[in-house]
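Quick heads-up: structures coming right below.
Shared chain: chain A. Partners: chain B in the first complex, chain C in the second.
For the complex of A and B:
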């Protein structure tokens, strides 16, 4: 494992140690670092930094806060997340009314999930109604959320999706993106998009011509279809 | 309703109060817990809960402001700062949270911002900027930024030198985000209080410019915000930036890449530096580079600054104005103007309107197609309405726009007339702003030139009285524009209009203007006479009648070689004389018997100005004109002229270098035969 990450000496990556597409290893490492940092794998990022010498502009401490916040939303502890994000930077929720609404909406959903109907109604009235009044665009979502209360078993209702894990996940990543944006970091890691782009390009190539090329068949191992041309990406 | 337990929640740790307990609590009770005597730990948890309640929620802010939360929080801050020793953990948290809370109260709620300013918290927050604890510095800077960006920011007192110095010291921080916050505040100090030179006196601009090289986009943007604010209308600082090639090339790069807000900020900076008077050529050239970027921004987003940037970029550059028109800028600006009420937040609407009107005005200044576009897009009524706007700058911009449009005869005869532009325009003649008065009177000059119904309307609305008043102004530009407008009004006007104009202007005032200290005003006054005596004998009579020929003797004096009058004045005076000579025998004889004749001879001999020679030849043609019924008096005049040497003079001019002169001379000589 150590070998895999380790940095080559200066200049050594220009000839034989290149990947077949001529991508320098430092670049690859930066992509990986970008993935760890953006996705919030602090320990992995720290270890990777130590082993490969790839540095990052991002203060790894701030990642920790961000991950705690994300996890809090994922666990349904939205108030906790709000408290923490306000600690991190009070301007985030101040300026992003849509995100703020979604978090408050999530709080309502959690109350309904816990079957605290009275509290849910009070909360909707005191917290969400004024937001809907100021921004009518939120009303529809608010109504949909309140519809959860109308069903005896919301889990089989037409609005059951609101109670799903997916919903928490959405709120969590919206908040995560907002924090990244406030810290001037990219909202998404680059790697998944690059892989999507690669897959798309390969499909296009296949559609357009029969010419053989080193097509990556296995995205996990990086194995290509033409073994004869294959050069190891890493030694 | 179930009663919930109070106290820290299991998940949030000791500092965290769950909302359930807070909802129940009356705001009043919460504010009570922030006041003196409450134990710090309790105060701390309440303050955090309050912070979480109000951030992003205007309704909650309103409730708490009404309960006096702002005073309570700023008291906490003040008390903490009054402690001589360093802060313990609880106090530090109290200070950070009070800063965050005060910042949030300032944001999005006018009442909140007002309360924060009234509480005097600005002094405490600026003091915090000097703290050695970076958390405190960041919290204070963020709160100050929210306050300076609030709707009540204009009521803030200017920051002291020491506060400005503290902000500048934040600029080179390793924590670039906080440096960016500082730059945003400094930008506001320039925009609101004009403190750019003060900031520069502490070396601020150089420090701000370093932020342009940051890798963080927000920091770059804050840096540009500050550079744009500091260099706007400030030649010295603009030159300072334009000398820094690294900064300029970064700005250029940012104007072409990045998000539209980044582009716009870069455009604002480059516009500031490239439109300074006497900017170096290579910097001035940037205007051309920038134009397509700004046009594209105009297409993309309704950003309040875009029309202003465009207007500044095009100012005084006909070529760029043409390109802007060809890029469809006029349609986009006019469309925006017509839907302006909805497109921008209320506090920006005046600013947007001013920018749009100015930009449309500048593009159509020399471009009839552009004027036509505005008419076809039905923009005229909105522009005319804007002449009545309560905001002085909007009125000035609307007036500039109207001036450009009034250069189109088509616009005057159709849409400007239909939109009844005369009413609002005339009231602008007595506008409190001299700038508006000047532009309004210039616009009026164009309006009254050739369209009789417009002349009638303006007369009926008391326009000439206003102009006559302005012709007595101390401001020579106002005197010039008003006499010019009166002159245009008289151009080919019928006798009734002439009489009514003279009732308002009065003869003594006309004589005063003929003797004005400004030669340009004098020219207009002479042309007023020229226009008055144009036409029939009845037009000439009152002019030569007044005070036994007072006007004639002034003309005589203006034409005498010793007067030192310019060729232009003499030309108009000669034409006035020529017009008088087209009148009755009595009028012609008045000239024949005056000293003017020798001046006419002088003018025929003037080698510099062929216009003057043409004018003088016209006098002779008119004087020697033979009416069928009274040839005798014409013959007498011809004889007199011959004696004075006119015929010889004319004979010598048969081969004049100017074709115009030659034609007139030949025509004049015909009468002598």
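For the complex of A and C:
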């Protein structure tokens, strides 16, 4: 199969050639470091600094709070996380009702996970139902969460995604980003934005022309549509 | 690969395209008088005939590498009849005609406020303009449309699907008409910066709406750390994110484990070249005899070069020379790249202080990292226990991490989008999105 992308990349007579054959390692390292620092992965950032020699201007000590809060959410200790956030800055949760709801919802999920059914129901009625009354979207999510109680084994139910690690990670990231925002620091890591930009760009190219090209369909493996049948992954 | 620093530096200093800065006084229409600063022009004819227009263009075309191009014209004197036209026209434009009357020309006319393109008959567009007014003309290069402004207010899109390479063009047609052109040396009446910022914000908003798998970032980071053998970071990241995945199982069957790759990387960082070499040979004894076979040719070559560099670092000059003499010949002649790199490396000997020499980059930690990457890549290739005709075909000697695949794809797609847009619009620069 002839490579669709020519050696220098298409239409590159005026554009920089870097990026077509490969990307400087140092740039990728900076992207990874930026991800660790903005997402509050302190230990990973420290190890990465040592292993790759990539430095960061951010004082890693200052992201310790964020790391502890993230860890609490990821361990399922949502209450602890909420206390810590309020110690740090009570306005963060006061001003973001969506975030607050998601954390309370996560608390409910953790209660259900621990099979504390009575506590879960009490908590839902007392804290979550009032929030749901204000916002139909919240109510819908609350109903979906309570559906977990209806299954003998929620892990094989249609709402099993709520019990996944990803769910905790999402809540943790949302909270982390709110803290960063309150501290007027850079809010979003660059990496997700670049992946989204790729998806958006591919769609735009599709709109502009009918020519098919090797399109990345799987953003977790980098597999392309054209070569996925022919090239087994080498990793 | 390793000698690419110099090349990249060159690319980064590449100049941007020139932008119009004044009126073109080498070639302009009849009946015009241009000021000394080449920014004002006056009509001194009678303007009694339709071919008596005096038109003048800017000294350069609209640059192709910007998102929006914009300039303004201030009417000092509307003259006898106020028949001034502001707009754009291509290089072949007849300077005895108003912009808009001819093909590949676009104009906004003062007397009736109409817009003109390729016709003597205009279409209703905006208000008329007179003495004291400031009118602007802009091209959105990515949307390929032209808009005008009056006294700082945008009048909306006038023309779309604009393709030609255009010059800012002004036409005057009655006695005493006098206009002053601003190509950006002075502040504009219209908030062009604001418009561009808004465009970018809208774009960014649309980008953020794109949905990607919730765990995409985590997985990409993990596979990056694994790919390059950053085992301790991976472990810390796993612990930080409470992932209880066993990663080692899949590694056991491979020629080099993640742990091996990590150890080699650490040793290279400490300058312990011999340790790294011993580990490679310990795992694959046949390497002791054949150091020039793929995928290990590059690896052993870089180890050998790095040994030389580390000796220089310790100021053991004669040992370094001795090492070069005995070891480098093994690799000479295998490829032009290798020969070129050897030349660069040996040039270090010519300088009293190699650190500040033109080859100083060879002495940096970045270079150690680059060598570690080359060797890591060889170990990865040797470990891909599914020998496949595709894996090594296509000229890609080294496998890429998912992150790199994604970034390369982004650059390629962005360039292709610009090519589809007749090579107009901003040039994508990955660095802007990383720094």
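Definition applied: the second predicted complex is superposed on the first by the 130 of 235 C-alpha atoms of A that agree within 3 Å, B and C clash if a C-alpha of one lies under 4 Å from a C-alpha of the other, contacts with A are read in each partner's own complex, and residues count from 1 in each chain.
In this text, contacts are C-beta pairs under 8 Å (C-beta built on N, C-alpha and C of every residue); 3 or more make two chains touch, one makes a residue touch a chain.
Please read these numbers as outputs of a predicted model, since none were measured by experiment.
Comparing chain B with chain C, more residues of chain A are touched by C.
Contacts of A:83 after superposition on the shared chain: chain B is touched, whereas chain C is not.
When the shared chain is aligned, chain B comes close enough to touch A:119, but chain C does not.
Contacts of A:217 after superposition: neither chain B nor chain C is touched. By the touch criterion defined above, A:140 reaches neither chain B nor chain C. Applying the stated touch rule to the two superposed structures, the overlap between the chain B and chain C interfaces on chain A comprises residues 75. Contact residues on chain B toward chain A in their complex (touch as defined above): 1-2, 4, 9, 11-12, 15-16, 18-20, 23, 48, 51-52, 55-60, 100, 103-104, 107-108, 142, 146, 177, 215-219.
Residue ranges on chain A touching chain C, taken from their complex, read 3, 5, 9-28, 30-32, 34-36, 41-44, 46-48, 50-53, 67, 70-71, 74-75, 165-166, 168-170, 189-205, 208-209, 213, 216, 219-222, 224, 230-232, 234-235. Only residues 8, 11-12, 14, 64-65, 206-208, 210-221, 223-225, 227-228, 230-233, 235-237, 239-243, 262, 265-266, 269, 365-366, 368-370, 373, 380-381, 384, 386, 388, 390-391, 394, 399-421, 423, 427-431, 433-435 of chain C touch chain A when the two sit together in their complex. Considering their complex, residues 57, 72, 75, 77, 79-80, 82-83, 86, 89-91, 93-94, 96-97, 100, 107, 116, 118-119, 122-123, 126-127, 130-131, 134, 182-184 of chain A touch chain B.
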